[in-house]
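Next up, some structures in structure tokens.
The two complexes that follow have chain A in common; it is paired with chain B in the first and with chain C in the second.
This part shows the complex of A and B:
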């Protein structure tokens, strides 16, 4: 089941990560698994701030890269779902805070 | 352009190392917060006085600089890090800056409360020195009665709080045959271990610790031990994708532990994508390479990292161009360290006795017939060439005295 596009996303605060030359490396401390985002993934990662929804992130992606809004949204949602399944990002409940 | 996410430590790490080495990005930093220590290990290469450690504010500024420069892997060490009263403040800052944090400690001061705080601040891994599973042997090295018992009591606490623990066992005369006990201990605890054959001179170059170094001859039973070569664990799918899941049995207790084929023709990572920072703010390529490239009290990290001539010289070194070692037929058995080459042989590019003797023994164990390092071959040739003259001089001197 996919997450509604209006829900806000936040980085998992437990992660170690660094953007190095337009690519982002993320390490989850619990299992020590390394993850790597390409430049558009890194762009989205930088903009995940606990306030923006998938739609807002996709709008930013479309503004900054040569990609149509539809493709930007489907790409953004796919990446968020994948990162969520790996516990790299979490959704923010309507009242703020971080949902588990 | 599709946003992608890749996972798995080995391919990601290899790509990361390739990129950082190519562009000289400081990926991994070893930061000693203090040289003060609550143990007095007989082989230690540090003095234990405070000569003016970086203040808390200075440490936090260093961390800011490092994060901005792209450093990801950060190891806090000492001395004993728990002797810094501001340790948690420093860890909290490292956490805010999203570093991957490891610690090196003797763990004497670990309590459940302290372990919980370490975890709260995102510490992923703690490396602990264990010299033996026999208290009398371990405590005689640390010179602290009861230290093994206290160190071992800390390990389950750290594990229970979700941190990885790795045992590091430097081997020296005093504990040479204790490695089997340390291996068994690691197995019992379910943690990785590393055996380190390196005992280095003091950082000021004095050779005191070398008196504890085990001779190459006495290391032979260790090098021959099939338990260290034949029984490597098979990686599970989960372990294979984790950072440093399967460390080798032998290695350096002071290095980052990040190994990769991506280093190719480089002597090691020092100065290419890793460095060492002393408690006084001096930046070195490595803790074992005492050529300060600059000081963080006077300069910004990026200025030192990208412009220090010491680092530029180091980056130009290629193993295949080393004057003596490049042509050595047993080079693949050698673990030459540029820092030790400098400290023990006086030449960053040179060979040194210990590495050559160990490489010869390893090659012999691998089936080489009478292996001879290029360094020893050169010395043998030189001795043959000088012998007639020396003999003539000796004869002349004898006849003159008649």
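This part shows the complex of A and C:
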């Protein structure tokens, strides 16, 4: 099941993360698992701010990387779904705040 | 006798002071048998430093409703960090005490830019070589192949950043090697991830790969986001500032020949 492209995303506030070696390293405190994001993933991660939707993030990706808007959107959605399944990002409900 | 051992003057409670990685600790307990075992176990780390962290053992239940800054339970023994001090409860023997001390240090070291790592540390030419890896990776083998007196620990290394440089400290937390812990320190030469192989070979790791090698071997017991962020900052800095390598090695002392000087 995919999330509608207009829904906003935000980083899971419980995580620890930082950039090192041009990669983003994310640790979830509950299991100490280390997640690594590559260049594109790091770019998206930096721009996930609780306000932007997949569509807006894809627009930024297309502007900064040489990809067409439709590929940027499908890549962005796939990455968001992947990060969501690992509980790295969560959707923001229409009224604001973090969804459970 | 290992001084200073003193009676605190509060009933039959006794105390002694020690220091691990320059973190001063004061243990207070009334169990004479546990006191004897603990003071023997940590004899090499006995130290009277200013403002030690006071740890009270088996002092009955804390006041109801008391909130801990940090807490951890391990096989019936519990650590609670309260504003009034640290409490270890349900400590039945020296091994439970040892486990809770590791947990406490892993938390307290965050404020000293340090961490505990599953690693053997050997001092050679005045520098600390840190060999990390899971059980069976070869930490004890490295320790047993090193000259007597040069091994800071064969199991748990303590690494701290001080005045802009990283130092490795000996700890009383030993594995199979079972010698008296070495209460000394040395500047860090490098971190080596142990991989057993048919021949000795060293390959340099990028900082993110060093971080990847460190994380599964770091002792850390807090699930709190703030503490995890502090730890990640410390480890990332270590990964950026300490040279790191994969060390494929045969189980003999010839591996020293391939290590960077």
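Just so we're on the same page, the second predicted complex is superposed on the first by the 100 of 100 C-alpha atoms of A that agree within 3 Å, B and C clash if a C-alpha of one lies under 4 Å from a C-alpha of the other, contacts with A are read in each partner's own complex, and residues count from 1 in each chain.
The definition used in the following text is that contacts are C-beta pairs under 8 Å (C-beta built on N, C-alpha and C of every residue); 3 or more make two chains touch, one makes a residue touch a chain.
Everything numeric in this text was worked out from a predicted model, so none of it was measured.
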- prompt: Of the two partner chains, chain B (first) and chain C (second), which one does A:34 touch, if any: first, second, both, or neither?
  reply: both
Query: Of chain B and chain C, which one contacts the greater number of residues in chain A?
result: B
- prompt: Looking at the overlay, what does A:20 touch: chain B (first), chain C (second), both, or neither?
  reply: both
- request: Could you list which residues of chain A make contact with chain B in one structure and with chain C in the other?
  value: 14-18, 20-21, 23, 25, 27, 29-30, 32, 34, 36
Task: Using the touch definition up top, name the residues of chain A that touch chain B in the complex.
output: 14-21, 23, 25, 27, 29-41, 43-44, 61, 65-67, 75-76, 78-79, 82-83, 86, 88
Task: Going by the contact rule at the top, pick out the chain C residues touching chain A in the complex.
output: 206-208, 211-212, 215, 220, 222-225, 227-229, 231-233, 236, 239-240
Field: Residue numbers on chain B that touch chain A, as the complex places them
entry: 1-9, 12-13, 15-16, 19-20, 23, 25, 27, 67, 70-72, 98-101, 122, 124-125, 162, 164, 238, 241-245
Field: Residues of chain A that touch chain C when the two form their complex
entry: 13-18, 20-21, 23, 25, 27, 29-30, 32, 34, 36
